[in-house]
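The block underneath contains the structure these notes are about, expressed in structure tokens.
Letters are used for the chains, namely A, B, C, D, E and F, taken in the order the chains are written, and counting of residues starts over at 1 for each.
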Amino acid sequence: MQTYLHDKPIKYDGTQLVSHFAYNHFNLLGDAIVSFMGPCDVKIDQLVDLEDVHQNAFIFSENMLHFIVEHFHDDLLLTIAWQRLLIDLIISEMKVDLPGGPWERRGDDIYDDVFKVSVSIATRSPVSCLIHTGINISSNNTPVLTKGLDDYHINPQALATGVMNRYRAEIESMRKARAKVRGVG
Amino acid sequence: MQTYLHDKPIKYDGTQLVSHFAYNHFNLLGDAIVSFMGPCDVKIDQLVDLEDVHQNAFIFSENMLHFIVEHFHDDLLLTIAWQRLLIDLIISEMKVDLPGGPWERRGDDIYDDVFKVSVSIATRSPVSCLIHTGINISSNNTPVLTKGLDDYHINPQALATGVMNRYRAEIESMRKARAKVRGVG
Amino acid sequence: MQTYLHDKPIKYDGTQLVSHFAYNHFNLLGDAIVSFMGPCDVKIDQLVDLEDVHQNAFIFSENMLHFIVEHFHDDLLLTIAWQRLLIDLIISEMKVDLPGGPWERRGDDIYDDVFKVSVSIATRSPVSCLIHTGINISSNNTPVLTKGLDDYHINPQALATGVMNRYRAEIESMRKARAKVRGVG
Amino acid sequence: MQTYLHDKPIKYDGTQLVSHFAYNHFNLLGDAIVSFMGPCDVKIDQLVDLEDVHQNAFIFSENMLHFIVEHFHDDLLLTIAWQRLLIDLIISEMKVDLPGGPWERRGDDIYDDVFKVSVSIATRSPVSCLIHTGINISSNNTPVLTKGLDDYHINPQALATGVMNRYRAEIESMRKARAKVRGVG
Amino acid sequence: MQTYLHDKPIKYDGTQLVSHFAYNHFNLLGDAIVSFMGPCDVKIDQLVDLEDVHQNAFIFSENMLHFIVEHFHDDLLLTIAWQRLLIDLIISEMKVDLPGGPWERRGDDIYDDVFKVSVSIATRSPVSCLIHTGINISSNNTPVLTKGLDDYHINPQALATGVMNRYRAEIESMRKARAKVRGVG
Amino acid sequence: MQTYLHDKPIKYDGTQLVSHFAYNHFNLLGDAIVSFMGPCDVKIDQLVDLEDVHQNAFIFSENMLHFIVEHFHDDLLLTIAWQRLLIDLIISEMKVDLPGGPWERRGDDIYDDVFKVSVSIATRSPVSCLIHTGINISSNNTPVLTKGLDDYHINPQALATGVMNRYRAEIESMRKARAKVRGVG
């Protein structure tokens, strides 16, 4: 799969979680993980997570590090598993910068104690499965208690590159693991 | 899915990685994660991991905490993703006992620096997918450099219970996540 | 899976056959069978069954017992098989009230001789598969010859509860059957 | 799918539940339902149903009407759903002979009150899914309380033909239902 | 699967590549390959191939022989494989008329040297997979270098009939091949 | 996927059609197409094609060019489609050497008039799908009328390389085609 870090800010308002985002914006055809920075402002009618809709929990951040992943398969449950591995990989990469850092994954979120560090959702388009994960850079003016990369003095671009390399390696390594075992009785 | 901690030792020689192990031994019908302690001694001809076969890398441990997981589906790639999440959950649970502990996941293994702490494999039977994960309790007389739960003063039974509860919750939470999203364009 | 009998009437006009109906209206997240009573008035442009569209066969009933089933999987053929089992279970439950009752399943419909007792359709949303089944309570003013639960003096609420319990048990029993067999050569 | 009624008795001992039975014995290539009569004597080590193995519940009948179904797909859960529809169709066909007959389906079995009328199992081979259903003709010397077709004066051959025609029509009708619906939101 | 050659011209503008085209226009329910002649004029906003969209490569032909295939399954990758076999079958059928003809398949296109003879796309609807293939009859006024059936003096109707018969036979033959093999170790 | 031409002869007796052949013999882990030359002598009890078994049609050739393909997926029908595309690619590559050559694909075989030029089968292992295709080099002493590459003065090694490159490109091109389309209504 391909990786790409975009160097100009993009405002994430939910319409980026759509099939062929990486192809239409960055000319990457096929499975890809892409990353960019920018504010996050997802209104209720753009929310994909219906639990958030029920709780009227819109999403807002002045600046986030965004990842958009697209796999051209149909398996949403597999995509959710990979989403959670992605979150674990993000935490691992953050701990490279800040060993023993305070983060833990709860479901598909990163928390530092009561502070929410990320948002994430996995869903399906007519031709693919998609993941969005946003890591707060700024923790100002968020609707819930948050912390962001600035609070930890973590460089977003370096984090983005490290995470995308880890994710690509993880997917390849799982495919390899798929191919190296014999069946059992 | 069901969880079960067996209180008598069982020697793991590879023949336990077989469909309906939990049903035939512990009367648990359906998806389950079970755990027991005991030595591990998998000869070459019982190895499921062909990379290990190629490297003549038999498995031996005087005492391990074993997990056997069975899901009655056919999706080996999904099972491999869940296997890796299981490893992450084991590390998280170990860190409850030893905050800031030195472990990291590499592929489907747990490492403490150069010391291997676990073995794991995921495969398929004619009717299900299966995971075996063994965590060293003892690190004596192993064919490679290892550390074990005894070296960290971690109680295996408590770890087993914690891990199985986390895994069950994780699977349920992923199924819930599967059901709470709308599709996108 | 979850079951729920709603105690207030809802008019069924076809827009209820949509993903997350049970979640958005009754706060049930995940696989569910729900039931309610109310008129049925599905205009041509809301029909999901294209054979009905071709025959201009709109659906109308002054009062029906409705079931809406949602399974968060993608297998439409499996859903159709379960739909037909659901119809068989409804007939079985009706015969509890009226032993030796005159009903038989034809495809996905219940008939009493030439009288149509039910309507049903199974289809797919972007994230799930769905079934709607409506059993006539009233047989007045229907566009084809019908009979309804009132004609048989069958209590709709009791029927709904019985049917939903049977359906939940049937699905669970099939999953159990999936897990209890070994493969063959 | 193809149907075939074999006119010579075959003893069913479990080894008939194997891929390509219809092709290797009756030269029917592809999906098929076949039927024959003969004794049933399945020893413990040939049982496919592990619940029966656990209960040491071997199967014996002096004479049964057997159905063997093979579908060249991999979906065991779908096959189980079709198995249960097959049982419902058998009951429907028996009621053509004996209107208001006393049979009901419990899981994948036919019961007349406390009397067991049938055995059935669905499983998977390396290349297909398979169903065996046996209806007692004789109820003599069975290990549990049973009734058989002779007790009801039902002709086995006529039943076999009727059941196979119904099953073929049901499968075709479900495929048609798969093709006639539009998706919903 | 069903085949049908329509004898009146239809202009193909992309809106024909939609689920149930054969059912809604020709009353063919289920898997089908249908054919008709007529101009082809697909504007950018109707293009399904996003590579064409990126290159602003609209499609125009004064007259084409069109095939629309619908399979009521969800496997887009399988459909793409069948699409390419369909192209090979079209070339084989053209060579019946013109032995040793100059055509070769490149991806999903037919080329005669630098001249493009066909367009084709495979995609998915909410309930099925679809293929459109158009073979130029006329090569006048096309936006790229083309040749058409008129240039080769090949009769479109005869070609259509031959191709549809070959495609139906090929699909049936592959299903048969699926059913005639035993598994291996 | 990986390609590999082995430069020493291997006798093909059917036992090579097994999971992980390329990994165990040539150390290629994952999807691969490999090729080698050698005699072909498949006895009845090693035949995978049950039609051949029924006809007692053992396979013998003094020298063949063999291809073994392994895909670590479970879709046998897709594998059969790819097998037939492989045959078409072999014919295309042979025509590079001998333009206008006399070969045509019939099912999964290559024929030159009444002369059989190849054998082929696709099947499934517990963890993968597999294809074997053998092209006669020699046509001496075969049990049916055959022709071989020597009769056409085609160099087997060059053919092998060309075919494997085409197959790898075809598979990649189909995956790309999977990723470049939007869905339709």
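Following the convention adopted for this analysis, a residue touches a chain if its C-beta (ideal position, glycine included) is under 8 Å from a C-beta of that chain, and two chains touch if they have at least 3 such contacts.
Remember, predicted model here, so these are calculated numbers, not experimental data.
Common neighbours of chain B and chain C, listed by label, are A, D.
Path length between chain B and chain E in the touching-chain graph (shortest route): 2. The greatest centre-to-centre gap from chain E, using C-alpha centroids, is found for B.
Under half of the residue numbers at the interface between copies chain A and chain E are found on both sides, making the touching surfaces mostly different.
With centres set at the average Cα position, the gap from chain D to chain E is 42 Å. One finds 39 Å separating the Cα centroids of chain A and chain C.
Mean C-alpha positions place chain C and chain D at a centre distance of 27 Å.
Annotation for chain C: residues touching 2 or more other chains are 19-20, 23, 29, 50-51, 74, 76, 123-127, 175, 178, 180-183. Listed by chain label, the pairs that touch are A-B, A-C, A-E, A-F, B-C, B-D, B-F, C-D, C-E, D-E, D-F, E-F. For chain B in complex with chain C, the touching residues are 19-20, 23, 29-31, 72, 125-128, 175-176, 178-183. Chain F meets chain D in the complex at residues 50-51, 54, 74, 76, 123-124, 126. Partner chain C is touched in their complex by these residues of chain D: 17-19, 48-51, 75-78, 80-82, 84-85, 88, 92, 100, 104-105, 107-108, 121-126, 130, 170, 173-175, 177-178, 180-185. On the chain E side of its complex with chain C, the touching residues are 20, 23-24, 27, 29, 74, 126-127.
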